[in-house]
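Think of it as A, B, C and D in the order they're written, each chain with its own count starting at 1.
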Amino acid sequence: MLASLKGLWVTLTNTFKKPVTAQYPKQHLPVARRYMGFPVLMWDEGVGEPYCTGCMVCIRNCPTLCMSAQMMDNPLFKEGKSKRRKIVESFEINFGRCILCNICVEVCNFDAIEMSHQHELSVVVRNGNRATLPRLLEMGKEFQKEVGWKPKGAEEGAKEEATP
Amino acid sequence: MLRDLIVITIQVFALVTALTAVVLSLVWLERKTLARLQRRMGPMVVGPHGLLQPVADALKLLVKEDIIPALADKPLFWLAPLVVFVPSFVIWVTIPFAQSFAVRNMELGLFFIVAFSVLSIVGVVMAGWGSANKYAVLGGLRSAAQLISYEIPIIMVVIAVIMLPHSMNLVTIVEGQRAIPYALLQPLGLVIFLLAGVAEVGRTPFDIYFAESEVMGGPFIEYSGAHWAVFFLAEYVNTFTIAVLAALLFLGGWAFPLMPEATWVGFLGVLVKAYLVVLVIFWFRGTFPRLRIDQLMSFGWKVLIPLSFVNFGLTAAYLFYGLSRWSLALASLFVTAAVAYTIYRRMTWPARATAEQRLAKARAYRRVETTDAR
Amino acid sequence: MLSQALAELNPKMSAALDEVVVTVERDALLQAALKLRDDPGLSFNYLMCLSVVDYEDRFEVVYHLRSLAKAHRFALKVSLPYDDPRISSVISVWPGADWHEREGHDLFGVVFEGHPNLSPLLLYDGFEGYPGRKSYPFNDYQEW
Amino acid sequence: MSLLPLGEKVRMRGISYPMAIDKQLDSLELMINVGPQHPATHGVFRMVVWIDGERIVDVEPHIGYLHRGTEKLCEGEQYSQIITLFDRLDYVANFNNELVVCMAAEKLMGTEVPERAQYIRTILCELNRIASHMLFYGTFALDAGAMTPVMYAFRERERIQSLFEATSGARLMHNYFRIGGVRQDAPDDFAQRITTLLEPVKETIAEADRLITFNEAFLARTRDVGTIDGNTAVALGLTGPSLRASGVEYDVRRTEPYLLYDRLDFIVPTGDRGDCWDRFWVRIREMEESVRMVEQCLQQMQSGPIMAPTRRIARPPKGEVYAHAENPRGDLGVYLVSSGADRPYRLKVRPPSFCNLMSMKHMMRNAYMADAIMILGSLDIVLGEVDR
């Protein structure tokens, strides 16, 4: 029974240590900088339009076929305000299907789509979480503000800062 | 006559209320204790530090739909919770909390308790059979075997305790411990009583008949709502009974040296001791894995029952030859330690030895490998 | 060594990257398997993987074998005609082939003769068709 | 009461015959469905158990409740997308799974993976092994009835997963390994984080020994339960720690070193009886070895490129390859047939849990009902991998 006494001692010593759990809905643990939440679209502050041109490369590469998009001529290009000839007209991501694999971000040539830190998007309806362009851009702006996002083309070679 | 009836009704009502309050506190205490053992927080939301959580649980259980399986044996299914519940409450009629603080102080109090505590087995087996569920049947059969075998060591230990003050009256037994608690005279008895008591109420490491990972709740698998709540209540009342009995029989109850003899002090003393024993039971639950049914039986029949006879024999020798108290205490302690060491030696020792051997072998193999590579 | 041991069974030897591949006739499979396991020089006692490959004109059953004592491995292949995919079961040689063969039967419809119980393993009872085959439609599932 | 009324024909083990009644004892076999929803089956797995009292007469496992057709799906996905599918096979050892499919494709393409990427992979795989074995340690103790170890084990798992999150961006489904390297370089404080992480892990492993490994009740439950000797284990195709517990020293890291295991100093703990306790003990010791390996890797690791120059869409040449690696659960193999396209022609996974589960029947013969749960737990199956 001596080994059992040892076991009792182990649990007893643990009793007087600090609990390691967090009270979830009240207390949110911080996520890492690289955390891959749901993908969102980025907003180009300088021009005032999304980075996304609706080129569909992410859609072709998505393993679960959770996105769809449409492209249109960019009105700002005609006015000479933007360098983008085409711009996204509509974009939809079904967050219920998305598996957060980061492939869309990797294949994107325009830094237009990023994995946000948003991960608490539960709904009660199947397919009830389809995000359209305005919502995606809204979430994207939030994410940009949260992490101080810059397009990768601008910070080439610059390393990501370490995370808490 | 009528006055007696009213008094008894009030007393019983008070008892039931008090026990329900105790059960609620135990539920909270268990959840918190286990949480702390596991470095969690436990219930924190309902009330300060989750104090009202058991109340919320109880309310939830009462309003929950009570499902009865279509193929269940309905009379058995309905009666089983009551058959488990009533004996566990009836016992309390004779348990004193202070010198003159019991519903009925009986001369054969301990006999009454032991006799009634066996009855709840019937209820568990009824629940197992009546649920029309194979897991429940398995659990019911297990419980019958387990509970009956573990009655014997308890009874033997209780007899050894009775021998010391020559009385079955709990008040007399406690008063007999004014000088020295029986836990110091019979440490072996206390250990056996605790182990067998834990088995009797079916808590880990002896929760075999409703082991969640094997028979998924055993006899109680099909119960829900209020029916299940009754079982739950009975389980906690039984746990508390074992704890209070341990406090009364071994830890000196309300009688401890150098304390005022006021009733409320005694009452508090019993309560504190009982809760400490309960904490130990919860601590066991947080630490040990459970045994298998055949191991449980062989532990009961081959270890606990012989040991309880040894305890009985030691006490008898002490009384017959009029030996000193210290000799009984030391002999009892020695037997306890020897048995504990034997079990350790037989189980853990060989395992440790083989583990060392194997590691040495694996390390030797690695050394050859690395020299070859170079 | 392999070719010697399997000489009378008419093996075809080839190499794929880092391992030896031997193809035998399907009638010779059991014989070859027994020899591979029991020959002290080979002692392929461990069946790592049993895969069925659908080449649309034929099936190939590939046995990846390993010898734990000799620490070598190779692949044994048997080619089966598409319309008659029968092969003898190697469960008597390597009992570990049990579920692999049931899976092959399940998904590809290859019949392993001599297997005691070829009931569906991964699919439910009464599933029609062999979903592992190339001819089984791919994308006609419905989202529910 | 509807417990098999007498005189009725009963279907047992696929055969229909009149009620089996033991003439001497008047006992009959009771058929029990353990699962698909049962706390001890670790997922949607069902075993039909015939018991005589508490003794198991026969057992028939049923799998396939989680069959997603991964192999078929792989034939329709590009190589980069397949990695996401492999994450979901063995969902407690994701990095190890990703590694095998990457290794298969790299072998076929002849890609040389840069050293730093190899180190990162080794570290992550070993950490994932610890995380996976921690889960085993917790759930196995939970099967045995001890409810505390699972909490301690998950505490360490959480620490490891937080590191994974900082490295790959996800706690479980990482999609981090790429054909030819890894997706991103490890964060700057990678080494330092791991060093701080390993201290409590080591402490927890030692705690496991004190708390449960040598506990008398635990030993009683696991010693000489579900024994399987080495030869039978090999014949049945048992792999990984379960095979090594039977005394067969087969570890892919040792016999066919992949990644950087030939540079690391580690031992392969083996058992000798092949019982549940041996399987448990081997896994606990493996955690210790993994900790040592991670420490060695951290010492040797240097900066450098993390991706081999590859094309964006991998197109391995025509051919076939069998790659395998030592997963926490055993030897995971991938047989990849390529037709030169950007999708595999056929991809067969040899999941270790699948092979381990097969031998369950052999171990459970004549065991007790409670032992069945322990045996199943000691095999440490992951149903995502068994059913694919």
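By definition in this document, a contact is a pair of C-beta atoms (placed from the backbone, for glycine too) under 8 Å apart; a residue touches a chain by one contact, two chains touch by 3 or more.
Computed from a predicted model, the values in this text were never measured in an experiment.
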Closest chain to the centre of mass proxy, which here is the mean CA position: D
Farthest chain (mean CA position) relative to chain B: C
Chain pair bearing the highest count of C-beta contacts: B-D
Inter-chain centre distance, chain C versus chain D - centres from mean C-alpha coordinates, in Å: 24
Inter-centroid spacing, chain B versus chain A (mean Cα positions, whole Å): 53
Cα-centroid distance, chain A relative to chain C, in whole angstrom: 44
Where chain B and chain D are represented by their mean Cα positions, the distance between them in whole Å: 39
Shared-contact residues (touching 2 or more other chains) in chain C: none
Shared interface positions of chain A, touching two or more other chains: 1, 3-4, 7, 10-11, 14, 20
Multi-chain contact sites of chain D, meaning residues that touch two or more partners: 148, 152, 155, 211-212, 214-217
Graph class of chain-chain contacts, one of line, ring, star, complete, other: other
Complete list of chain pairs which touch one another: A-B, A-D, B-D, C-D
Contact footprint of chain D on chain B as seen in their complex: 34, 37-40, 71, 73, 129, 132, 134-135, 137-138, 142, 204-205, 207-208, 211-214, 216, 285-295, 343-344, 347-348, 351-352, 354-355, 358-359, 361-363, 365-366, 369-370, 373
Sites on chain B touched by chain A in the complex: 33, 35-41, 44-45, 283-284, 286-288, 339-341, 343-344, 347-348
Chain C residues touching chain D - in the complex, by the definition given at the top: 16-19, 45-49, 51-54, 62, 64, 68, 71, 75, 94-99, 107, 117, 119-124, 131-132, 134, 136, 138-139
Contacting residues of chain D [partner chain A, same complex]: 77-78, 80-81, 84-85, 148, 152, 155, 158, 162, 165-170, 173, 175, 183-185, 187-189, 207, 210-212, 214-217, 312
Touching residues (chain side chain D, partner chain C) in the complex: 14, 63-64, 67, 69, 71-72, 75-76, 107-108, 234-238, 248, 250, 255, 319-322, 324, 331, 333, 335, 337, 345-346, 348, 350, 354-355, 357-359, 387-388
